[in-house]
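One structure coming up, written as structure tokens, with questions to follow.
Chain IDs A, B, C and D follow the sequence of writing; residue 1 opens each chain.
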Amino acid sequence: MSSTFGTMFAVTTFGESHGGGLGVVIDGCPPGLHLDLEAVQAELDRRRPGQSALVSQRREADRVEVLSGLFEGRTLGSPIAMLVRNRDADPAAYAPFRDRYRPSHADLTTEARYGLRAWAGGGRASARETVGRVAAGAVARQVLAALTSPPVEIVAWVDRVGDVVAGCDPAQVTAAAVDAHPVRCPDPDAAAAMEACIREVRKAGDTIGGVVRAVARYVPAGLGSPVFDKLEADLAKAMLSLPAAKGFESGSGYGGLSLRGSQHNDLFEPAPPDDPQAARLPSGARVRTRTNHSGGIQGGISNGMPIELSVAFKPVATIFQEQNTVDRQGRAVTVRPRGRHDPCVLPRAVPIVEAMVALVLCDHLLRWRGQCGAGG
Amino acid sequence: MSSTFGTMFAVTTFGESHGGGLGVVIDGCPPGLHLDLEAVQAELDRRRPGQSALVSQRREADRVEVLSGLFEGRTLGSPIAMLVRNRDADPAAYAPFRDRYRPSHADLTTEARYGLRAWAGGGRASARETVGRVAAGAVARQVLAALTSPPVEIVAWVDRVGDVVAGCDPAQVTAAAVDAHPVRCPDPDAAAAMEACIREVRKAGDTIGGVVRAVARYVPAGLGSPVFDKLEADLAKAMLSLPAAKGFESGSGYGGLSLRGSQHNDLFEPAPPDDPQAARLPSGARVRTRTNHSGGIQGGISNGMPIELSVAFKPVATIFQEQNTVDRQGRAVTVRPRGRHDPCVLPRAVPIVEAMVALVLCDHLLRWRGQCGAGG
Amino acid sequence: MSSTFGTMFAVTTFGESHGGGLGVVIDGCPPGLHLDLEAVQAELDRRRPGQSALVSQRREADRVEVLSGLFEGRTLGSPIAMLVRNRDADPAAYAPFRDRYRPSHADLTTEARYGLRAWAGGGRASARETVGRVAAGAVARQVLAALTSPPVEIVAWVDRVGDVVAGCDPAQVTAAAVDAHPVRCPDPDAAAAMEACIREVRKAGDTIGGVVRAVARYVPAGLGSPVFDKLEADLAKAMLSLPAAKGFESGSGYGGLSLRGSQHNDLFEPAPPDDPQAARLPSGARVRTRTNHSGGIQGGISNGMPIELSVAFKPVATIFQEQNTVDRQGRAVTVRPRGRHDPCVLPRAVPIVEAMVALVLCDHLLRWRGQCGAGG
Amino acid sequence: MSSTFGTMFAVTTFGESHGGGLGVVIDGCPPGLHLDLEAVQAELDRRRPGQSALVSQRREADRVEVLSGLFEGRTLGSPIAMLVRNRDADPAAYAPFRDRYRPSHADLTTEARYGLRAWAGGGRASARETVGRVAAGAVARQVLAALTSPPVEIVAWVDRVGDVVAGCDPAQVTAAAVDAHPVRCPDPDAAAAMEACIREVRKAGDTIGGVVRAVARYVPAGLGSPVFDKLEADLAKAMLSLPAAKGFESGSGYGGLSLRGSQHNDLFEPAPPDDPQAARLPSGARVRTRTNHSGGIQGGISNGMPIELSVAFKPVATIFQEQNTVDRQGRAVTVRPRGRHDPCVLPRAVPIVEAMVALVLCDHLLRWRGQCGAGG
């Protein structure tokens, strides 16, 4: 079940970039939830192409239709199927690649895996595949909000483009600040520099990568299912399943390696009773840590502090320059892509990363409740 | 099923650091394989404590007993259960932590998750939990060897300790070179510096983290199951499920972010017919890439080039210094750990990382065969 | 994942009787298969209401649309999503049941499970839910046909309605004979008696149950995954997951209990080389059994003989008579259903049972290939 | 994962009849439960051979050892591994079957599936495989007892041996009455007749089958996960995964087919407030049904009434008479089993059926809590 993610809140996506459409089936959603479909659409709008000059100009309204699982606006507990139609497909742009493998794309590997591929578009390997994830993630956010208090808050932002690195305090970043600039970096100076970098790269027919950083606040302590389904393990899987993702960090990540244990350990201290960001112990006491190198996760389980992670996205493989490659017979040839592509996926990756965080947290919240919840 | 990993080659581990023992059940192993139990034991020996002065001095022979799934030395296709007894448990050393949470351990989060914990030892959060993974990984290696030609080769090594970074060419690292030094770094100069660093840190009652890097050679092109079970996604999950892991990179990882697409793309070229490291296309042609920024994986599917990844391990949380923390009632207290602990997990993490790579590759090989294999 | 069935050939269904539509996502379909969509539609046509005077008169064309997973008519190996729209919904007919639980329906239990229900129709508990199963089963049949030789052949028929029992030799029943009569019983005399029974029952505003029997021919020996996923176990689950199913038999079933072991055992004998219905041993020899009390399955694994099973379907719960029941406040009330319902589900259950057999066999064929298939 | 059963309360069994031992790993057990290990042993004692003259004389104490998952007598929420050693293996008795397939055994099919088999015993196909199920089932019962009030009560009994059928009112059968006679039939007259039948059959070197019937009382309304994981579907799978099982009925089963809907429907009525066997509606009201043809399950979900089911077990395949069969080369030969075997599995099947019922109910209770439970 390679297109299913999650165990209790299980999401199955389908669709190729140029087929009938893309969608998702959510199995296991708690029943009785008033689903805000506008909020679902709003997340899809944040993801869709054509939002700004910085991203792909493919014209897709990406309107979502709910096919099942709702009655009088409420979730039934049965599968919620959601569908987004493809409208602006342009298969002709892909004809040159029918028999030639674009470098660092999934063209060759898809054929190695399956023996064929949907060459008239990126097929299942297209970033368009994430439509279903974003729709499901928007539902997961609402489930989380309904089941936690204060409601879990998930914010991601572009923290790096090429060598431009933002200077943000994860504790202070707000969703409004992120969306204030089309590059989705809440540090205005860095945002401007990132935009300049993307424009320059696009002009050169080239592409650039970067880092999305995310924080999840008010996650209850106790989520995560060691040993294999540790919270970090499922978050890492969620992120590395995204197109172009090549790295993941939880908390201090690679940056913490210069520290010694005595510097890296997060010391516990009593928390004020009104601190929304703290762990509630079985005894009822509330505690927090002075630092958060752990990124809110210790032993694979949330500790009540903000969950912090980063994802590295490589430069987009589609560049508008002639490149050497091979054809299906293994002969040396060249390709020069055309079509509508993002010079940098980072701005559009922000809602996608948030969606994946929401899916992981929602699944683990239900898993916790099933195994350890109060009452029968 | 939080202690099960894999779908076709499914591994379920059990055991706490101070209970009756640790073990694993492998469900789905191909039948008819002559299992080399000495090779399994050899991997456990590489993982066990007490191997050198650099690691924990807990004395565990870690002899493995196979309880099921074998007949006359061959795998039956039924579950293979393997058990390693705990011998040198020392619960008394943990008495001070019965009611106090060690900083950056899983003590507090385990209680938040389950309401109680096995305080007389690290319980399920102990690195000792990885015994079952290593035993299963040793079986997975043998399955891979039997089903691939040239046989898949997996080598991991310590690439960084604190700020000491090795200078290794992943293409050249051999298992023998790795095990030649107790620190398991194949760069002799770096190994010496790492050892010095570990000794100094240990003397200070402190700990240090680092990076394990791994390469898998001769992996057939075509392994990986988009979209959620991309090869990188499952590798990332495998690695982040390890104790103390905080980061993961596939291929160029974070280091590739300074490159543009035109620099980062791995151009395809025809491969010589005798190149063992190349993709076989459906047409029968063999191709390879000039560079390997992709780390052998494109679109979440192996491309025939060496798979390259790295894992960041934070400094061990157990330091032999007094630290501030809280007790179960949330009151400020101090702790000062004692017991037998590694000042640096990196050397012992090497066989564990290799085992997890083997588990992921073996599972995906069987998944590929099930969906796409020749014949009914 | 309560709406997902299968592990390698994993089918996720969605949809309620009166929502936007019904559908299915097939994950794990072997790639490269030329999919015959007319054959899929033909199975849906066999299942849909309004085919004859014996079944529900709801008017649904049940035209299937493939949303993903196909390219140029071939399966891509990615999820195949199929959608059938609801057209002739009649929610007004259900208004009387908004606050009253129809006896022996899922009304009350759905609310006990989820706290609410889609009262304007049977919701997810409607037999209309099986649309997705039948569409997926039609794909599974094609996969089986492509991977087996002679191709697996699955035929089900109505073997009993009320107390009218057919006299059929399972070895001789053909699909054409089954569909020759609207009641789908290949014994003409019994078919006529069954039809008379159904007409009489319908006239009385009442309903009747019965037995569907099925045979699967040319199933290769070796399918089934002990211990929990024995072939009979998965078949039993498949059948008991159908609406109104209350019993299952494999081979001799309850009827074999009057026999002693010496009578019940199926003795092996050498098979003629051209016998399509025989087991091929690892040695290459072909053998068969003289009798088939085992119903083609021994130890939970197919033995090459025809797989034979039966399913008992209770009388439909919707009767057109006034009945005592309770309302949502637990008060004694009465209900008198109206709407369009089958007086007997048996004729329409035939393609559904066949679909479920196909799903189970296809999944197990791929599982076998993954674990035990030739080559890497 | 063919040896794993359940999703939230997931049980993985291992072991062959003549290997090192048999066991089980329970993943997902609620934490904090004081586990009564004597109760676990007591269930194993009910299952083990040598209890009476009616069953196999293999001498196995079947003492269970808990390897993990417990601390100070309480469940940790981590995997509970339990091991039972094989002691009285007698591989020599099986030498004649090394190259010959015993009729109606799993010998041939196991080789067809895996290419080899553990011929020195029944291997994984032995009824001895159920040791792990019974141990896990005994834990599941305790979880159910802890989470339900009144505690769920599961009682099975032998309802038929050959043509001897008991006359029991499922509502009245008690565990004590079942165990009062070695044949485990609570109807004394029928028990005596069954015992006579078994003795006669054994004397003739023959075997006999029968029916185990089970009831689960006080199961809360609302358990079951449509559409594929309906309660009946998972119960059917559980039962048909047992050695020698060939049939399953839920509620009226095949017997209900002579009734019309108006006779078969179970009419709801208000329940007295102190009726322990009733459904609690979302409104708080309590209702019950006048009859229970549904066997406590409607639409695949429990309705608060007693769950009633039956399982048909075929005559044991091992008869002590010469029989025709084939050898591994497909040549006609004869076999004449010896060894220690049950002439009738029914008495020992009783605790096994109870265990499987407990596993299904426990899993569904946790699934319900995860998806629909109160609180986050």
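General observations
The definition used in the following text is that contacts are C-beta pairs under 8 Å (C-beta built on N, C-alpha and C of every residue); 3 or more make two chains touch, one makes a residue touch a chain.
Everything quoted here is computed from the prediction, not taken from an experiment.
In terms of the stated touch criterion, the partners common to chain A and chain B are C, D, listed by label. Comparing the centres of all chains, each the average of its CA atoms, the largest separation from chain A belongs to D.
Mean C-alpha position of chain A lies 39 Å from that of chain C. Between chain C and chain D, the centres computed from C-alpha atoms are 25 Å apart. Mean C-alpha positions place chain A and chain D at a centre distance of 44 Å.
Shared contact sites, meaning residues of chain D that touch two or more other chains, fall at 1-4, 7, 13, 28, 31, 77-78, 113-116, 124, 220, 226, 367, 372.
Put simply, chain A touches chain C in their complex at residues 1-4, 7, 10, 12-16, 19-23, 25, 27-28, 31-32, 65-71, 74, 76-81, 83, 113-120, 123-124.
Against chain D, in their complex, chain C makes its touches with residues 1-5, 7, 13, 101, 103-106, 108-116, 124-125, 129, 160, 162-163, 201, 204, 206-211, 220-230, 232-241, 243, 245-254, 256-271, 279-283, 285-287, 289, 293-295, 297-304, 312, 314-319, 321, 323-326, 328-332, 367-368, 372.
Every residue of chain A that touches chain D in the complex is listed here, in rising order: 7-8, 28-31, 77-78, 147-149, 220, 226, 365-367, 369-376.
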